[in-house]
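Okay, so subunit A shows up in both of these, paired with subunit B first and subunit C after.
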Partner chain A sequence: MVRVRTGISDLDKMLGGGFMEGDAVLLAGSAGTGKTTLALQYLVNGVTQFGDAGIYVTFEQLPDQIYRDAKNFGWDLRKMEEQNKFRLICTSPELLLETDGGESILDGPIKEIRPRRLVIDSLSHLEMFVPERELRKEAYRLIMYLKTKGLSSLLLWESPQIIGNSFSVTEVGISFLADGIVLLRPVEIESSMRKAIGILKLRGSDHDKQLREFEITTQGIKVEASFSEYEGLMTGSPRKKATLGEAIDQFSAAFARKEKKS
Partner chain B sequence: MYRRIPEALVVAVTIITTILVVTISSRPQVAFEPPYLSLILQTVFITLGYSLVAYVAAKSYLTTHPPIFLMLGSGVLAAASGGFVALVFPSDPNTLVTVLNVGYFLSAVLQATSAATLFRNSGPPGSSRFNRTKLIASYSAVLIVVSLLGIAAFQGITPAFFVQGVGPTPLRQVVVGVSIILFASASLIFFKFYRESHSNILYWYCLALALMTDGLVALFFARVLGGALSWTGRVAQYLSGIYLLLLVITSATGKGKMQPD
Partner chain C sequence: MSEASDILNRLLSSEVKGDLLVLFHKNPGIIDTIDGVARRIGRTGNSIGNDVKDLVDLGVLERKQVGKHEAIFLDRKRDGEVQKIIGNYLNSMKKKEG
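Here is the complex of A and B:
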């Protein structure tokens, strides 16, 4: 099975090698979790590491802002556009959903650069233009369109804080349409805010079931170790797991520290 | 900030002290000693908690090397093994009392020494050379001494510690009396360091030592094995085992450092 690698090595390992080619993957997370950065990195790495052209469709940010933000990570999107490896489309959900005589606004750029990857930032904006009962149908139509074009797409979804043992990533059933779901979420551990990434679903493929920590660095997203010492991250109340190693550390510190001090 | 100390003291130490006062003043002579009950309670409440602390202290010694962990671990092992070996000879009250009391005496000496190490500033941690050998030698010595003592007492080689119906001998009273002073001193020293560090581990440890002290006070006045005073002392010691178990759980869950109220 052909995989579309994100170029973030630890994330690719979590995905069992990358996304499945042609899949539509939901990238869900609350505001400020790094969805846009991860999506841009997916496209940039596609161009720079794998020779895959990519399209970034945004409903919420102006192009200049995206070019500037990408530049901060060392990604020159304009240069990639000049090389016909990248397209930035700033539009509205209405225009994206309209078909003018069977033609979509994506058809032109797709013909021009023949992309393998596409990002929609964000699918949540459809809610503002489509009645709730129609939303699932429109999302299905869009996803099927992307699939028929052979695109491996990343669909961003702004989800509220997911807390509790039972939840759905979207409240309108979009998660059932997606082939995969990558979740980004902030977690509070010992009074500091950290970020976690997890694969909730990857249709037809095994994947890492652990939540891993990630950071947004000057080079983009960097996935780190799992939160193996903690449990209850998804409940919003993480607790350190009881371990004998921890017992020894704490016991040593309680007595040894006083020995030095006194 | 230290409100948990009085709370726990009220719940445990004070209640047991009150029972002690009442039972000492009434001096009931009725004995209750069903077969294997003490062995089961000893195993459930004391052996588990004490052995876990001995294990954690051993690992701490191997990791960080300060000799305090060697003494502290050997101390809890002496108390745990003394109680366990004593119960191998349940039919002989003198053997039981001798081994139990000497085990606690040995434990008290080691606990007081380890507490004094903190108090007196022992200097930098010892070297890591031969630490494993020292640990094995120390723990083995405790187990061998306690076991040999049990055999010797059962053979009647050791001086008498207890005569059922009559009560303890002067020698036994000296051993238990000194143990009480040493345990109480160790508890107070650890309490002093708890107040400085707010460490939950020192909190549970000094309370466990206080309960061991209470238990020995009860045994000091006991005249009948299995009598009310004897059981009061045992309950205090069982509770100390639970406190040591809580210490290990507190450490394992990363809650060794107390949050200010």
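Here is the complex of A and C:
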């Protein structure tokens, strides 16, 4: 099975080698968790490490802001565009979804640079233009278009739920359409906000089931060790796991209390 | 009137045109509906219609029908030509003054 590597080595390990070629993967997370950074890094690494051209479609953020932010990580997107290895398209969802004339606005750029990778930032913006009952159908149509073009795509999804017990990736069943789901999530540990990454789903492939910590560094996303000392991360209120020694101490103390009472 | 001064006069004839030129030069990857473009400069589609038409007539912007929507985008080649014409014109004006 051909894999499309993200170029973030520890994330690729979590994915069992990378995304499956031609898959549409949902990258979900609340605001500020690093979705845009990870998505750009996926495209930039595609160009610089694997020779894959890529397209970034943005609905809200203007390209000049994306060029500037990317430059902070050392990624020169304008240069990549000049080399016909990258395209940054800024449009509205209704135009992207429009196919009445038989042609999509992506057809031209796809013919020009023959990309292997594509990012849509974000699929959740479709909600502003498509009635909720049609959202799943329209998302399905878009995903099938990307698959028909052989693109390995990352579809960003902004989850309003930042932290807490109740959690759903999307409210409208989009997660059923995606081949994979990568979750970015803030977690509060000992009064500091840290970031966690996890693979919730990867159709047809085994993957790492652990939540791992990640940081946004000056070179982009860096995935680190799992939160092995903590449990209950998905609830938003993680607890430190007791070590064997601590567990024995707790048991002894409880036993001693019981003995004293009797 | 020379072609260059005619272009310059038309480009400088309204604030909206200036805003549109700055938007498309900073963001050459925009391909959007007239309402979408207007939103990105904090205006409405109706209020920018005439200025978009002028820029399309000059060839700086292009229009393309995509289904029932009309997409507007920068014609990078023509835009480069227009910039060159204006640059040459301004240089010649400077020389005349000097």
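Assume the second predicted complex is superposed on the first by the 237 of 262 C-alpha atoms of A that agree within 3 Å, B and C clash if a C-alpha of one lies under 4 Å from a C-alpha of the other, contacts with A are read in each partner's own complex, and residues count from 1 in each chain.
Everything below uses one rule, namely that a contact is a pair of C-beta atoms (placed from the backbone, for glycine too) under 8 Å apart; a residue touches a chain by one contact, two chains touch by 3 or more.
What you are looking at is a predicted structure, and each value in this text was computed from that prediction instead of being measured.
Residue contacts after overlaying the shared chain place A:A225 against neither subunit B nor subunit C.
In the superposition on chain A, A:D64 contacts subunit C only, with no contact to subunit B.
Look at A:K240: by the touch rule set out above, it reaches subunit B but stays clear of subunit C. Judged by the touch definition given at the top, the superposed model places A:I248 against subunit B, while subunit C stays out of reach. When the two structures are aligned on the shared chain, A:M144 is found in touch with neither subunit B nor subunit C. By the touch criterion stated above, subunit A contacts subunit C in their complex at residues 62-64, 81, 87-92, 94-95, 98-101, 103-105. Those residues of subunit B that touch subunit A in the complex are listed here as 56-57, 59-60, 63-64, 66, 68-69, 72, 117-122, 125, 193, 196-197, 199, 201-202, 247-257.
Listed in rising order, the residues of subunit C touching subunit A in the complex are 26-33, 35-36, 40, 65-69, 71.
Those residues of subunit A whose C-beta lies close enough to touch subunit B in the complex are 239-244, 246-259, 261-262.
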